[in-house]
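Both of the next two complexes hold chain A, though its partner changes from chain B to chain C.
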Partner chain A sequence: MADDKDVLRDVWFGRIPTCFTLNPDEVTEREAEAYYLLLPRVSYLPVVTDKVKKHFLKVMRPEDVEEMWFEYEGTPLKWHYPIGVLFDLHASNTVLPWNITVHFKNFPDQDLLHCPSNSIVEAHFMSSIKEADSLKHKSQVVNDMQKKDHKQLWMGLQNDKFDQFWAMNRKLMEYPTEDGGFRYIPFRIYQTLSDRPFIQKLFRPVSPDCNAHTLGDLLKEMYPDALTNDGEQKRYQVLIHGIEPLLETPLQWLSEHLSHPDNFLHICVVPVPTD
Partner chain B sequence: MAERQADCGWKRHISDQLKLRDRVQRHTFEEIVQQYNRLLEKSDLQAVLTERYQTEKYDVQRGHEASSLDASRSDSLHQEMSQMRIRHQEELTELHKKRGELAQTVIELNNQIQQKDREIQSNEARMLEYQQQIAGLDGDCRDLRSSLQVRLHEEAHDGEVNTVRFSPGSRLLATGGMDRRVKLWEVVAGRCEAKGALTGSNAGITSIDFDSAGSYLLAASNDFASRIWTMDDYRLRHTLTGHSGKVLSARFLLDNARIVSGSYDRTLKLWDLRSKVCTSSVTPVPSCLLTCLHLENARNLKMAPLMTSSVTLHHSCYHSHHHDVDSVCVFSAQGFKCGADWTRVTFSPDGSYVAGGSADGALYVWNVLTGKLDRTLDRNHSSAINCVSWSPSGTYVASVEKGSRAILWSDM
Partner chain C sequence: MSCSVLDEQQFRQGCQLLLQRSDQLGDGWSWEAVQGSEEGYLRKTARRSVPSDWGPLHDQEGFSFHPQTLCDSTGHEKEEQDPAASTGSDFLSAEEQDDGSYTVTDSSSRVVQYEYHILFSCSYGAPVLYFRAFTLEGKSLALEEMWSTIHPNYRLRLQNCPLSAISQQEHPLLGQPFFFLHPCRTEEFMGLVLQAVQDQGRPVNYVLSWLSVVGPVVGLDVPLQYCTPLHSAVSLNSTKPD
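Showing the complex of A and B:
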């Protein structure tokens, strides 16, 4: 349906306005201006920040440059999360643009993984896709693909090519009609105040009595605190791609249309802002 | 219907929410970020350019400062420099001129070389022509010479001609052949005329000899006997039998009273003419020596053409019972082959040349002292030469061949 295609496009082309500032502690030859960029929600930080690096290297001496890393209000940003997830989780209700601080020294080994090249990101991306497909189709679809098909998925993401990506990705969104949906839905629920990085469990899209499960059903099962009981004030926002879908939205549809390119449904639960 | 409505509800909600998000997060900032980045680029460029201009300006300023401080010194420096410049200019023009001259000489030399090359080529062409002419003339010379020298060119016998000999006076020539006859020819004024024939032999004649006076003729024959005729009347006088094989060669000894004959039975027999008996017989003798007995002065020099392509000069001394044979000298030539194992060769009367006939019909003449081939006379015999004889006067050489022809060569 035309609407569905539009949704896919809107999800793919989502952008976050970001302002990159150099950490004041960095040693510079002269003052560095801030660098503004519209970051794609569905991509990853190492893939889209080449220009940022080039901009800031202009004012730095080569011997002071180590691996670049980003931080928002003291929190080092994990590059292996999609950018949209990072924003929704940390800065969803703040003033735009999103202010990120750029560092070139003192890489926090405890909190972040090193990312020396884009091929690391590619490997991580492909492994997410394979994990998702193992939940959806017992890995049959992704294993039937050839190496060049996998490459096409990654290149589509890296070069921001919607059609190239979805030419392959639609295969991963198919399911046998008699099943009514995927085997299990690949999802992750992120919370701001928790020791756990995320919640990921097995969950079927269709109930045993052939009813489609909704977003609300998922939350009730996985994170009931996120739901508002009758009469209470809303405490949490459930964000996917920066929007709050209605709780009666079918989960199968969500997985097909609102997943990230890595085929996972990334759900952020953040506290409602207290103005 | 209600489901569809509900469907549309959450779906439309999502759609609307996405649009709203984009309006807030993307559209409001897109333009500004673009323009900001463009400005950033421009300012970067400006910074780079100003830096460059600054440094240039500083350099120029420093240059100016330096010059104003020591003006006087720079004046004399200036003068020096201009003088140097003038000198260099002059040198430069000189070098240019010299280069032009050298180029000219190079061109001239090249032309000369080319000319010389052409001359050389034409000389070589002419040389080639001359060489060809010389070769042609050489051939003509040889032809002429050999044709000049041929006096007699005739079918001498019916069948092979085995032997030929000049009489001591050089006027008579005797040939012997397989037709059992000895034919006599008179050599007069460079021509040969048939004079007569001696009969009496029962088989082919192998060898002929005259006595030193020329009054007797001795002929050895395949019928195991040697015969003597008188030259005045051509009558057969004596027949010497006793050999048990073909008599290959027979000679008068110097006293004309004795005869020595060599035979295929490997014996040399000495005959006394007065008693007409065999006085002694020597065996064994290497059969090669029996093919040719040629007495020269006091020594026995026998020449034995071996069945090879060379003629070997043997020096042998005969004393009653022993003999040595030494090979003195070997004459050979390309193309010379003995026609049979009893082909004969001969010395010239003064002993300085050796003449031999070859299987291909050519007469070879060697110089004894140098051992080298002196002349080759070919194109007159059509088959192998059996025997050669040199006239005592030295002017003629007679050669006879298998094919019954006898040829007389003059001007030897």
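Showing the complex of A and C:
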């Protein structure tokens, strides 16, 4: 059986081959070539696309350049979601590379948050970590950390430094042995065909009679439609980091090993491909 | 179990009480339910006149001007000024004098349309205020413009406590960008409020108390009439005393 620590590395180093193309309506001085990049699943678009921006700015005049934003098949991509979540939600069953269109004008401010600098991404990231710890430990662990410890979490993510990140993050994954797990599991369930952006509610990792709750238990409570009943054809895939974990997997284990660096379990429920 | 943490049912109860009072006072709050569930949020729209020259963050010398809060979009008893007058020539604004004080003069200012939502955060066990603002032409305000509509005294306070700062966030039920006040400090200050009230043995509506603290920061007034006993309900715009 693979060591659990290997799972942490596999999650951290997951990549998505992506092809960035400039929106044809942008004003350019000459034709822009597509730009190819391997995107880290666990990071965020603004953090890893500096090279993309530089590449396309070479063919544009400064006066035609406003805030950069990304779109996939007409859908503006929410930069504050981890990259892997965006891919699993919008493009999981399509042929690679993932084709993303780059825009420099007409920022859709009814759909996307603004991102003027990396410090905004850092603020969102830290806000998620704090929220996750509020659920797991009533914020005690994150509040006991010093400012430099918080910084280490962010810098580890920004600079793709697994060891630096986990040296600090392991503290957020601890719990009193007698409790059997965290107080509540930080999770978000994303659906493709809903107005509601995600489902997030309180859910304990252990039942009152001390049984470990599973992924299946979570879905049964939060989104029963995602599950297939006996004799039915499977309608949905339940994806975490692009894979379908067994529904019997204990939720506490998933939270410790398959959470994103923001300490949330991001779960995408997408329709099974019909081809 | 800390008394300064709320659960979802208590939140809904607090909202319903607030809603009843709002209906009596004509204050314009409504409950928006999430399809097919008990979940939902409180919503209110309101217009404010904001001086055009409150200026950017660092201009803060001896302010004395307070924004006019006009009545809301439900159309109840409008005040003398017509909120639809977007050219603003009826509204007052402040001009800086040489000695750094401000005088109120007649000149144009902006009318801003606000939308406020009160949601429940299960992660923090607290209500959270989401809001956004538009010009009357329908253009949404960006973060810097939003800052310029906040009274300079509040700006100082928010700057000193970045965790309570205003930032953009995705609305958890609608998915659209809103501004919000971060809830991670709510338990702290509500703990103090609740302690003081409970020491006096008075009942308290958590949601109402919380709103009266955070609302004014973003231009949302919570009139004192919310706290007067139910039997003496008086409309907000009535001139008759209680």
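Here, the second predicted complex is superposed on the first by the 273 of 275 C-alpha atoms of A that agree within 3 Å, B and C clash if a C-alpha of one lies under 4 Å from a C-alpha of the other, contacts with A are read in each partner's own complex, and residues count from 1 in each chain.
Rule of thumb we're sticking to: a contact is a pair of C-beta atoms (placed from the backbone, for glycine too) under 8 Å apart; a residue touches a chain by one contact, two chains touch by 3 or more.
On a predicted model such as this, the values are computed, not experimentally measured, just so you know.
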| item | value |
| --- | --- |
| Chain A as common anchor, with chain B and chain C clashing or fitting | fit |
| Vertex chain A angle, Cα centres of chain C and chain B, expressed to the nearest 10 degrees | 70 |
| Which of chain B and chain C A:G216 touches, first, second, both or neither | neither |
| Partner chain(s) touched by A:D3 [first = chain B, second = chain C, both, neither] | first |
| Contacts of A:G242 with chain B and chain C, given as first, second, both or neither | first |
| Contacts of A:L38 with chain B and chain C, given as first, second, both or neither | first |
| Partner chain(s) touched by A:G180 [first = chain B, second = chain C, both, neither] | neither |
| Touching partner for A:P76 - first (chain B), second (chain C), both, neither | neither |
| A:V11 touches, of chain B and chain C: first, second, both or neither? | first |
| Smallest separation of CA atoms, chain C relative to chain B, angstrom | 28 |
| Interfacial residue positions of chain B with respect to chain A in the complex | 6, 9-11, 13-15, 17-22, 24-26, 28-30, 32-33, 36-37, 40, 44 |
| Complex contacts: residues of chain C adjacent to chain A | 34, 122-124, 140, 142-143, 167-177, 182, 184 |
| List of chain A residues in touch with chain B within their complex | 3, 6-7, 10-11, 13-17, 33, 35-38, 55, 58, 96-97, 241-246, 248-250, 253, 258 |
| Residues of chain A that touch chain C when the two form their complex | 78, 80, 109-114, 120, 123, 127, 130-131, 134-135, 139, 186, 195-198, 200-202 |
